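The following pair of complexes shares a single chain, chain A, combined with chain B in the former and chain C in the latter.
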Partner chain A sequence: MQFDQLLQYTLSGLSTGAIYALIGIGFSIIYNATGIINFAQGEFVMLGGMLTLFFLETLKLPLWAAIPCAVAASTAAGMLFERLAIRPLRRPTPINLVIITIGGSILIRGLAMLLWGKDTHSIPSFSGDDPIAVGGATILPQHLWIMGITLLIVAANKFYFYHTISGKAMRACSYNRRAAGLVGIDVRRMVLFSFIISSAMGSVAGIIVAPLTMTAYDVGVMLGLKGFCAAIIGGMSSGGATVVGGLLLGVLESLGAGLISSGYKDAIAFIVLLLILFVRPQGLFGKAQSERV
Partner chain B sequence: MMKRCVVVCSAVCIGLLTAAAAFAAGTLKIGGLFAVTGPASFLGEPEKKTLEMLVRNTNSRGGINGIKLEAVIYDTGGDATKAVQLATRLIKDDKVAIIIGPSTTGESMAIIPVVERERIPLISCAAGIKITDPVKHWVFKTPANDHIAAEKILNYMAKHKQKTIALLTVTDGFGASGREQIKALAGKKGFRIVADEVYGPKDTDMTAQLTKIRGIKPDAIICWGTNPGPAVITKNVRQLGIKVPLYMSHGVASKRFIELAGAASAEGVMLPAGKLAVYDVLPKNDPQYKLLKEYDQAYKKNYGSEASTFGGYAYDAFLLASSAIRKAGASPERIRSGIEQTRNLVSISGIFTMSPKDHNGLDLSAFEMVKISKGDWVLIK
Partner chain C sequence: MHRDLLKFMLFAAMILAAPLAFQGGYLMNVLVFVGINTMLAIGLNLLLGYCGQISLGHAGFFGLGAYLSGVLSTTYGWNPWQAMPLAAVVVGSLAFLIGFPILKLKGHYLAMATLGMGIIMYIVFNETIDLTGGPSGLSGIPNLSIGSLDFDSDVSSYYLIWSFTLATILLTLNLANSRVGRALRAVHDSEVAARVMGVNARLLKVQIFALSAVISSLAGSLYAHTMTFISPASFGFNFSIELLTMVVIGGLGSIYGSFLGAALLTLLPEFLRAAQDYDIIIYGGLLMLMVMFMPGGLVRGVPDLFRRLLKKGGDRHA
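Up next, the complex of A and B:
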């Protein structure tokens, strides 16, 4: 095994892993605020990419303007989703909520298909396509964007949850909803906030990966599942652990495809998921019953 | 008063007469089974639209030998069980004389026993070689076999002294079939497969597989899949700085592939393309040129998008059926033997010559080898 091959596998894995991490954090933010797994998270990833395309091609905006517009529109979609589908529920048991999010994801996917068709589309890279050599391996400028933006978002998250009033309130909800309500925190508003943050993050993930992976109405399914794996490995934490989970998953997939067989690439992700759920359901780094934010 | 009465009477008479004439000639029902929704909708949708367009056009020109056509089209959603139910419904309830479709190989294989039992001709729009090999009495298909495309690539490689092949195929029916065909043909023609990698249809990064291939240093890479995988691979190849010739399958022979991969990355990629995809670079004296152009323009006018190879499969099927009806007659048995006697029928996918031993009727001339240069196709020899 040559060193430059190994380096390439690792680098490829890290850049894919960063995407999984970003999507995974979206899962855990909503999970922590509401106790549900939002299976529509992948669809916000898709919306990010497809809306950018819409603003770029239909409304002829430049890329720098199309991206914030797309994030804003996806965030609005996330808000609407919470208002129309999650909040009106009279008896919100976890199973009801999960089924609603699955239904929501099918609805969003269907609407996207009707609006924009079934074709795959690509978005131009942010800063060119010329590969950058790192040792014997190569990455693209877009990979740097992905890693940089992921880091930035994780840092912003950390700041929000630990240094702002509403972030602290959201953490309080995750420890104990009733107690949080008793001390005057509007729990329902916090739930809405969690949907806003995670749909915005999902759409950013969808936008920064679209130049590499392309986008279509159904890209959310697989990316969503991989993000979910990352969140599980990270024990549903909305910080570093999920990032490590995502990176680990990406590197394992890439090494598995390169060293064992490319046929088992997806299987590796799901075997890891099952192993974690069996052996360490609290996540790779969590202690049982630890804090989850 | 009298005058008006005469006019009305004769108008009524003429009306009755034409109605009678139309009734005597009757309408012929053509069944269509397409995966209009679901994962194979990229096949079924253009097929359905093409068939509807052709039936409309034929009727507006007075039908075939005075017989009006009626298309009865059902959506199978790509589901084999549903395809069988709908095929039975087409035959028993709608009483169609011929069935066009289904879109996928799985569905086609599932309904073959039904049409064989009910003695209704079937022209499948799916590519799988199993559909017409071995030959079934009532079953035809219009897409060229995968091995013809594979052979086209290997012949080109042999000409350019490329001996070792790295395979990179998608893990669905299309990729698996291509992988089998290339392996079988490569053995026969003296090529060596030095890498045999796969990727999932929804995978977004194939640098791991390509890094492995780069280490093996093959003479050429053959990738077998449909969008978006091959576009990702093309980008990855450029990222990794791999200089080995890259061949794609006919599955990506559309401008969309160049758009997705980007003209810079796609530069130099070679593939066997159905003639519809590249008709604007064909020599003007190519026998198919005029028809291809007509189809593309008609499709654009009706539906506002470019005609695709897949819609072309339904076009072929309709042309085979309608020329059989014109020459042999309108009963299922006559249509069947009419299709089997087709000789040199110029159509979209190629020039069809059927025989009792060949129910596909296409040969190597169905594809042209093309290279992508500056975002467009260039024919290569």
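Up next, the complex of A and C:
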């Protein structure tokens, strides 16, 4: 086993991991604000990639314009989803919420399939495909874009949650929704906000990864589940812990695929997930919470 | 109790008479699947509806039963009647062992863990190519037979599958009305309270998990021996979701609800086939609408709807 090879796997693992982290944070934001696990989260990742393609090829926009348009359109889809599917629920039991988000994800996937067909597509890299040498390994410019944008989003997130009124209100909702309502926070609006932020983040993840992995109407399922794993490893935090969880997952997966077998690549994420859940269900870094009845 | 038995007899008579009405043909084949899916839905309902524990990985147990039975009887030349119970025992023991760590989890964490478990099993079906044939599947699985009676026609498989399904229904109805059933509902309502009353909640949950895995495994074996061909695609994440949907749409904690849910979700794609690519949209949309407007499932929602309609009608006449 050469060091160069190890470095190569680790570097490419880190960039996939960054994607998982972004998706995972999206999960956590909605979960913390509403207690909902949004199984449709992966579909916004898919929408990001597919809509970019749509703006690029059908509407002939340049890449720098297509990306914001795609993010805006996916975010609008996220808002619509919250308004039409989540808000009208009269007696939302957790199991019904699981089913309704799953129904929503099937619906969105179906619409994407009808609109854009079943083929896989690629979108161009943001700044060329010339490999950059790092030690004995090489990375693509797109990898740097992924890392940079992830970092930026995580930092923006941190700023929003800790230094703006609406971010603080959202955190209040995650501690105690009723109490947040009592002090005058519009909880329903915060729920809508959480869907907006997380669908925007999901679509960005889908856009920045699409030049590397191609995109199709059904890429959302696996990406969504991996993001979910990242969030669980991070103990459903919407910050650093989930980022570490995502990166860890990406690197383990990439090393596993390279060193053990690429066929079992997807299994690795879920084995890690099960181990974490069995041993430390509060996440890798979380403190154990005493449970109330 | 008498009423329950009467209801069951009526249901069984209806099921047994159905082939007379349809005279064989394509629909019989679909009704065979309704039978298999009813079994699966009841297995999951036992866990979800009665015990309150979610599983998003039951397609894995279904697949494991199908593959164990299929590989033993095809590659190793076992009699299917021997392969089937062995598969059930293996799957049941496996579920029992996994059950202890996995059922310690609650809510969304349990959903996620069972989902991971199902996906790992699906990947194993795909990757152990020497044994399972991988993504291209396993073919040439023998049909079940008794003496000279080979269960290879639509009508004979219909009766084979439905005798197993009816037996499962009878078993679960009995279980639900027994001490165990009451303990289960107690665990569902409040695990702590159930414990205080002397119910060994942890063991009970694991036992029901194992029982529901055994039912799924049997359904899997029946599926393999009826279809004579299996491939991993039938046992993926999507099918776990479909099972969950059957249980919820039918109505949690209702055995006949599971039948309704299974029947609806099995028949629906057949009717939607005319809609071609739109079927997935209709399917997803319907799922959402059902949860929005009939959160209690068909068994509670439909009578509710009638009651409301009657009331409205009554108001108008008054």
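Operating definition for what follows: the second predicted complex is superposed on the first by the 289 of 293 C-alpha atoms of A that agree within 3 Å, B and C clash if a C-alpha of one lies under 4 Å from a C-alpha of the other, contacts with A are read in each partner's own complex, and residues count from 1 in each chain.
Here is the rule we go by: a residue touches a chain if its C-beta (ideal position, glycine included) is under 8 Å from a C-beta of that chain, and two chains touch if they have at least 3 such contacts.
None of the values given here were measured: they were computed from a predicted structure.
J.: Tell me the contact category for A:122 with respect to chain B and chain C: first, second, both or neither.
T.: first
J.: On the A-aligned overlay, A:212 touches which partner chain: chain B = first, chain C = second, or both, or neither?
T.: In the superposed model, A:212 contacts chain B only, not chain C.
J.: When the two structures are overlaid on chain A, which partner does A:263 contact: first (chain B), second (chain C), both, or neither?
T.: Touch partners of A:263: chain B and chain C.
J.: Just to be sure I read the superposition right, which of the two partners does A:93 touch: chain B = first, chain C = second, or both, or neither?
T.: second
J.: Determine, under the contact definition given at the top, whether A:131 touches first (chain B), second (chain C), both, or neither.
T.: first
J.: Check whether A:221 is in contact with chain B, with chain C, with both or with neither, and answer first, second, both or neither.
T.: In the superposition, A:221 touches chain B and chain C alike.
J.: Tell me which partner A:16 touches in the superposition: chain B (first), chain C (second), both or neither.
T.: The answer is first: A:16 touches chain B but not chain C.
J.: With both complexes superposed on chain A, which partner does A:85 reach: first (chain B), second (chain C), both or neither?
T.: Only chain C; A:85 stays clear of chain B.
J.: Of the partners chain B and chain C, which touch A:187 in the superposed model: first, second, both, neither?
T.: A:187 contacts neither chain B nor chain C.
J.: Could you pull out which residues of chain A sit against chain B in one structure and against chain C in the other?
T.: Shared contact residues on chain A (touching chain B in one complex, chain C in the other): 221, 263, 266.
J.: Show which residues of chain B lie in contact with chain A when the two form their complex.
T.: It comes out as residues 41-42, 45, 171, 197-200, 202-205, 207-209, 211-212, 214-215, 227-228, 231-232, 235, 238-241, 256, 259-260, 262, 264-265.
J.: Quick one: in the complex, what on chain C touches chain A?
T.: Per the touch definition, chain C meets chain A at residues 48, 54, 101-102, 104-105, 107-109, 111-113, 115-117, 119-120, 123-124, 126-127, 190, 192, 237, 241, 244-245, 248, 252, 277-278, 280-281, 283-288, 291-292, 295.
J.: Over in the complex, which chain A residues touch chain C? Could you list them?
T.: It comes out as residues 31, 37, 85, 88-91, 93-96, 98-100, 102-111, 113-114, 221, 225, 228-229, 232, 261, 263-264, 266-267, 270-271, 273-274, 277-278, 281, 293.
J.: Which of the residues in chain A end up touching chain B in this complex?
T.: Of all residues in chain A, those touching chain B are 2, 5, 8-9, 12-13, 15-16, 118-122, 129, 131, 137-140, 209, 212-214, 216, 219, 221-223, 253-255, 257-258, 262-263, 265-266.
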